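Read from first to last, the chains carry the letters A, B, C, D, E and F; within each, the first residue is number 1.
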Amino acid sequence: MPPDSKPTGLVVSAHPGDFVWRAAGAIALHVKKGYRVKIVCLAYGERGESQWAWKKAGVTMAEVKAQRHAEAQRAAEVLGAEIEFFDAGDYPLKLTEAMLDRLVDIYREVKPSFVLTHALEDPYNGDHPEAARFAQEARVIAQAAGHKPDPERSYAAPPVFLFEPHQPEQCNFKPNVILNIDEVWETKRKAFEVLAAQKHLWEYYTRVALNRGMQGGRNSGRAMTYGEAYQRLFPTILDELK
Amino acid sequence: MPPDSKPTGLVVSAHPGDFVWRAAGAIALHVKKGYRVKIVCLAYGERGESQWAWKKAGVTMAEVKAQRHAEAQRAAEVLGAEIEFFDAGDYPLKLTEAMLDRLVDIYREVKPSFVLTHALEDPYNGDHPEAARFAQEARVIAQAAGHKPDPERSYAAPPVFLFEPHQPEQCNFKPNVILNIDEVWETKRKAFEVLAAQKHLWEYYTRVALNRGMQGGRNSGRAMTYGEAYQRLFPTILDELK
Amino acid sequence: MPPDSKPTGLVVSAHPGDFVWRAAGAIALHVKKGYRVKIVCLAYGERGESQWAWKKAGVTMAEVKAQRHAEAQRAAEVLGAEIEFFDAGDYPLKLTEAMLDRLVDIYREVKPSFVLTHALEDPYNGDHPEAARFAQEARVIAQAAGHKPDPERSYAAPPVFLFEPHQPEQCNFKPNVILNIDEVWETKRKAFEVLAAQKHLWEYYTRVALNRGMQGGRNSGRAMTYGEAYQRLFPTILDELK
Amino acid sequence: MPPDSKPTGLVVSAHPGDFVWRAAGAIALHVKKGYRVKIVCLAYGERGESQWAWKKAGVTMAEVKAQRHAEAQRAAEVLGAEIEFFDAGDYPLKLTEAMLDRLVDIYREVKPSFVLTHALEDPYNGDHPEAARFAQEARVIAQAAGHKPDPERSYAAPPVFLFEPHQPEQCNFKPNVILNIDEVWETKRKAFEVLAAQKHLWEYYTRVALNRGMQGGRNSGRAMTYGEAYQRLFPTILDELK
Amino acid sequence: MPPDSKPTGLVVSAHPGDFVWRAAGAIALHVKKGYRVKIVCLAYGERGESQWAWKKAGVTMAEVKAQRHAEAQRAAEVLGAEIEFFDAGDYPLKLTEAMLDRLVDIYREVKPSFVLTHALEDPYNGDHPEAARFAQEARVIAQAAGHKPDPERSYAAPPVFLFEPHQPEQCNFKPNVILNIDEVWETKRKAFEVLAAQKHLWEYYTRVALNRGMQGGRNSGRAMTYGEAYQRLFPTILDELK
Amino acid sequence: MPPDSKPTGLVVSAHPGDFVWRAAGAIALHVKKGYRVKIVCLAYGERGESQWAWKKAGVTMAEVKAQRHAEAQRAAEVLGAEIEFFDAGDYPLKLTEAMLDRLVDIYREVKPSFVLTHALEDPYNGDHPEAARFAQEARVIAQAAGHKPDPERSYAAPPVFLFEPHQPEQCNFKPNVILNIDEVWETKRKAFEVLAAQKHLWEYYTRVALNRGMQGGRNSGRAMTYGEAYQRLFPTILDELK
């Protein structure tokens, strides 16, 4: 079986914390099912998501970025995923044409059967909707026959699942999918623990997972404990209603 | 295998035309897959959906209702579904406590794995949202342990799919599911033809099916010709993102 | 020219104040253009809209209703409109099947080319959305061939315009029509003055008219001073874009 | 100081669980601040919220209702609040004119400075929005000068705060207030424990309180641990922006 | 009569296909009524809308653009409209300050009585909302007295009509205008046929026109066969309600 | 008491008129209460808001800007506020990275307890939502530990209040706060009169203030005459419900 015959998933994350808190369950679950999962981490969260690092006297930007790079790398390893860093700068993200071009190439190379990214609105963090806009733009350009034309290429734009923001109602996030992550919960929790400086968020997002799990049980009548909520953007095409 | 081990579906339709134009594909498809599908037809559309019948001089209400009853029965037969009539009266529907009680019993007896009903708003036809409200109310009451208590009973409230109204945008209907009905299209079309007096709608809803089919193809990258659009109301619980 | 060849308009108002503050401009304007305009006033506002009347010691409900009846009658006369009272009781409206039947008959008799009624939501006054719901229900039933069948009858459901509530944003009211009422402003103001006990509202709704007028000027580039805002519910069918 | 010079609050709850899970923090907090708080409990949740009770062979409706009555009474005592039961029946609520009249009297007698009730939508439980609609209708009728006229009466409709439903996004619930309940958390937790059969919900709603608390801290920059989320329906009138 | 005394219309289209599928009826209809209609075609759709062209081995970008230019030119001729190309590049559109300046000049020169452009959202094609944003920005700047000041100039910002996107509900497109295009349907169809490579869309958009036509008939009670749906953005100022 | 121990407010206004018509009441009120209030005026409105100035033959851009600068300065003085001009250019605003950096510094220096800015949408004026976006972006970046790191710094992002646009419903503006500005109304009116060329707006916004005042009275049961409406963006954290 050639390597690229594996099913694949793509995650476009503004900062390292995002793919860990919001999507680590989906990543670990699909890896466990045999998917190749690739994370594109647009920035290191070096300015807006690294308060503890800046408390050290004399620390430099390069040091903070290196620290967050290492952390994100370890978290991806825990989850079994590949990761590529765009180093776009955060607060705000500074996404260039070259980065867009690179992300289009990644879509075409990975041919993901799903893409995970941020909610479309987030009044607490402008990098999040900007990452979502960028992920969507690249997804569509990858379809364009006249972008780096190649008659051999096959690519179909994948479904998009938005992951849960920190304060879902303030972001007008309305989940229509709850993913059962029971069988990979321990892995998700281990990825949390890589982000050693943010212990308060370990507990916060553990509670989110438990409450989404209970909601999943109520909506399905099936036993489940841990869930991850997503908002699917485009219609699902079904052969049977369920 | 006992007869009730078949998977089942339930359709709550205000008038006969509704289950034909809006849900005949889903009904025929699931029947073909081995489902038992039951239609509850709340009214005969005798006042609001039978213009042609009233053109006959001296026709009575009883005659019009009998005619629509026969038509709906034949359409259900074409689709392979059971049908039960509530004769609630139309324009407006006059739904009673006894009817609610009966629909709760049906939910508990059928144990559907999905329920199909109307969109939640329809400024052109007040019977439609009223039918949807009624279908939802019964679905929830059927869960209540204290309603006709029976410790043996098993019932889990099924997912709800709203079918497409005549003018979807005016009803704030936003489809998130497109069902591929290619393999039962001929059957759906035959059900249309049972409604012999409404030929203009045969063509209208054939065009709807073709356009939803093309949208289904665009959203999935899969070949398909005929579609039926639905709006799923509650989150789907998934073990894999797709 | 037979009397019923005049164009006509219908106004369904919960209480007397409503057609005066919210729609008197439209009424007077169309009367001036030769329309027959009929107002259906569902209740006298005897409980919720007559504070001053209840300050008189020993006043009875019958007296309050008579007083509001007379006031509404005079206001309709000032505007040149017919008025019919349903005396449904206010706070809350108690609308019966007989009243629904009567309103359906009115639609069929008047054959209005437009109907004016309340906004669909109003958290300050439940009678208002109830009146709107009732007006819409009757409008649709009047189309039903099987309701009091009569092959001679001609009736087409008219466009619905919702008039402006007291606090438009809280009612999710979004105007898409501003009616220029400059040529009947004096008449509208005279109708205000019939409601002698509510002087503070004379000024409030004069300011509303002036501000809607300025908005009308900005949206059209045309000079105008007084406006009345409406939300048209159904699509307009046009032969030319304007 | 006369007893009715205390500030007061009113809670309109469909079932006993609702005021405990959703509003016990607000109740205990205002009691602690010296408010008189009155709970109106419309139904006992005897059919829809008492699964465990119905597991006992031969139990009767009267016994289940008595059990839930006692539980709700104890929970109100723990919180320091008064409670009045309407025994309206649940699933669905059967609210009568006499109950509406009684609730109007309560508004006028209590003169609450706030009212707490359910979210306006809840596709999982039709009793919840029905309770909210009823609470709002009574709140407005209580203002009507012509309802049981009494020139001595003083009453101003209080602000309405909607409490958090089980699955907030599915109910289109968007909190705009987070109440800091740190100083009464232990009391809220004790009220949970009165509902002895629903231990899984003790933990669920403890997690909700912790996560709303962290969101409260993020939105205010103030330290806090436990929060209760509310959606305020009407504009706040302020003398200073904060 | 001087040439500029004709009424005029302006169409701002992202790609050639857009003005054909979505607005050809309005263009042909107003041309027939004596309007001067000008189309601004921002890009050739050379990358995203020209799949067939890229199937030819060795084809260059310049050739594809020339081919689409010719096609768009012919379609405009069929419709009787002028066309100006901005050659902004597609997927994504790269709109410059010079292009904005040029579009402002066009607004001032054409003085359109209406402008047609794209829906405000389109998750399938980012060029569409970008074109709409650009058309609106230029429309407002053209009003600014301090932009290329000229006291002789007369210009009033025209009403904006958004044309129907491919999947209207996914774009939150809600039509409030249906234009009757019966008398120019043959011309619209001829413009379709200029886009020779996209035969599947000829049929798709013919079905759209037929279904919008039937909806137009239902909403107006008037006979009509073909319609084009629009969403009017700003309030209409009326002298008579219709 | 050191000068920076005063409470403070920040206003981010696209053009001079905006802070006068929309926020002068809040500015004057908080100044009267002892706040330091700082206005950031992004552009002079030199192109889009200075029609009268451009009527003078031969006037230059520099002259128009100087005139508007003087006017805005005087209005700020009348209100007792500081003002800083960014001279970003209007129609459209051209906001640079340096300006963003400066606004972040201002947030950190002023440490406002509230920030006032524009509504998030405004189809009549693209500068308004752009100003709001910019104000929000800077507000969040000011929190970032890695932006100009300084362990001594204290800053918490303040609540955001959006002020009322010219046509609130068209901007989807829904006020949830009405500020009582009775005690500073004369000052607000004096600030209007500084804008000597826009007398028609003096009256328009006086009517807005009176109508918001009456709405404030209705919502609170308190006497008040003049109001300013705001939409608070983030949840309020409360210790008591009111």
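Convention: a contact is a pair of C-beta atoms (placed from the backbone, for glycine too) under 8 Å apart; a residue touches a chain by one contact, two chains touch by 3 or more.
What you are looking at is a predicted structure, and each value in this text was computed from that prediction instead of being measured.
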(request) With one step meaning two chains touch, work out the least steps from chain A to chain E. (result) 1
(message) Using the touch definition from the top, how many steps at minimum link chain B to chain D?
(response) 1
(request) Farthest from chain F by Cα centre, which chain is it? Let me know. (result) B
(request) State the pair with the higher C-beta contact count; candidates are C-D and D-F. (result) D-F
(message) Farthest chain from chain A, going by the mean of C-alpha atoms per chain?
(response) C
(request) Could you please state the distance in Å, as a whole number, between where the Cα atoms of chain E are centred and where those of chain F are centred? (result) 37
(message) How many angstrom lie between the centres of chain B and chain F, each centre taken as the mean Cα position?
(response) 53
(message) Among all residues of chain C, which ones touch two or more of the remaining chains?
(response) 124, 170, 175, 215, 234-235
(request) Between the chains shown, work out who touches whom and classify the graph as line, ring, star, complete or other. (result) other
(request) Determine which chains touch and list them pairwise. (result) A-B, A-D, A-E, A-F, B-C, B-D, B-E, C-D, C-E, C-F, D-F, E-F
(request) Over in the complex, which chain F residues touch chain D? Could you list them? (result) 9, 26, 29-30, 33, 113-114, 116, 156-157, 159, 161, 175-180, 215-216, 219-222, 224, 227, 229-230, 232, 234-242
(request) Within their complex, state which residues of chain B touch chain C. (result) 46-48, 50-51, 53-55, 57, 59, 61, 64, 90-92, 123-126, 170
(request) Enumerate the contact residues on chain A facing chain E in the complex. (result) 136-137, 140-141, 143-147, 149, 151, 233-235
(request) Using the touch definition up top, name the residues of chain D that touch chain A in the complex. (result) 124, 166-170, 172-175, 200, 203-204, 207-208, 210-211, 214-215, 218
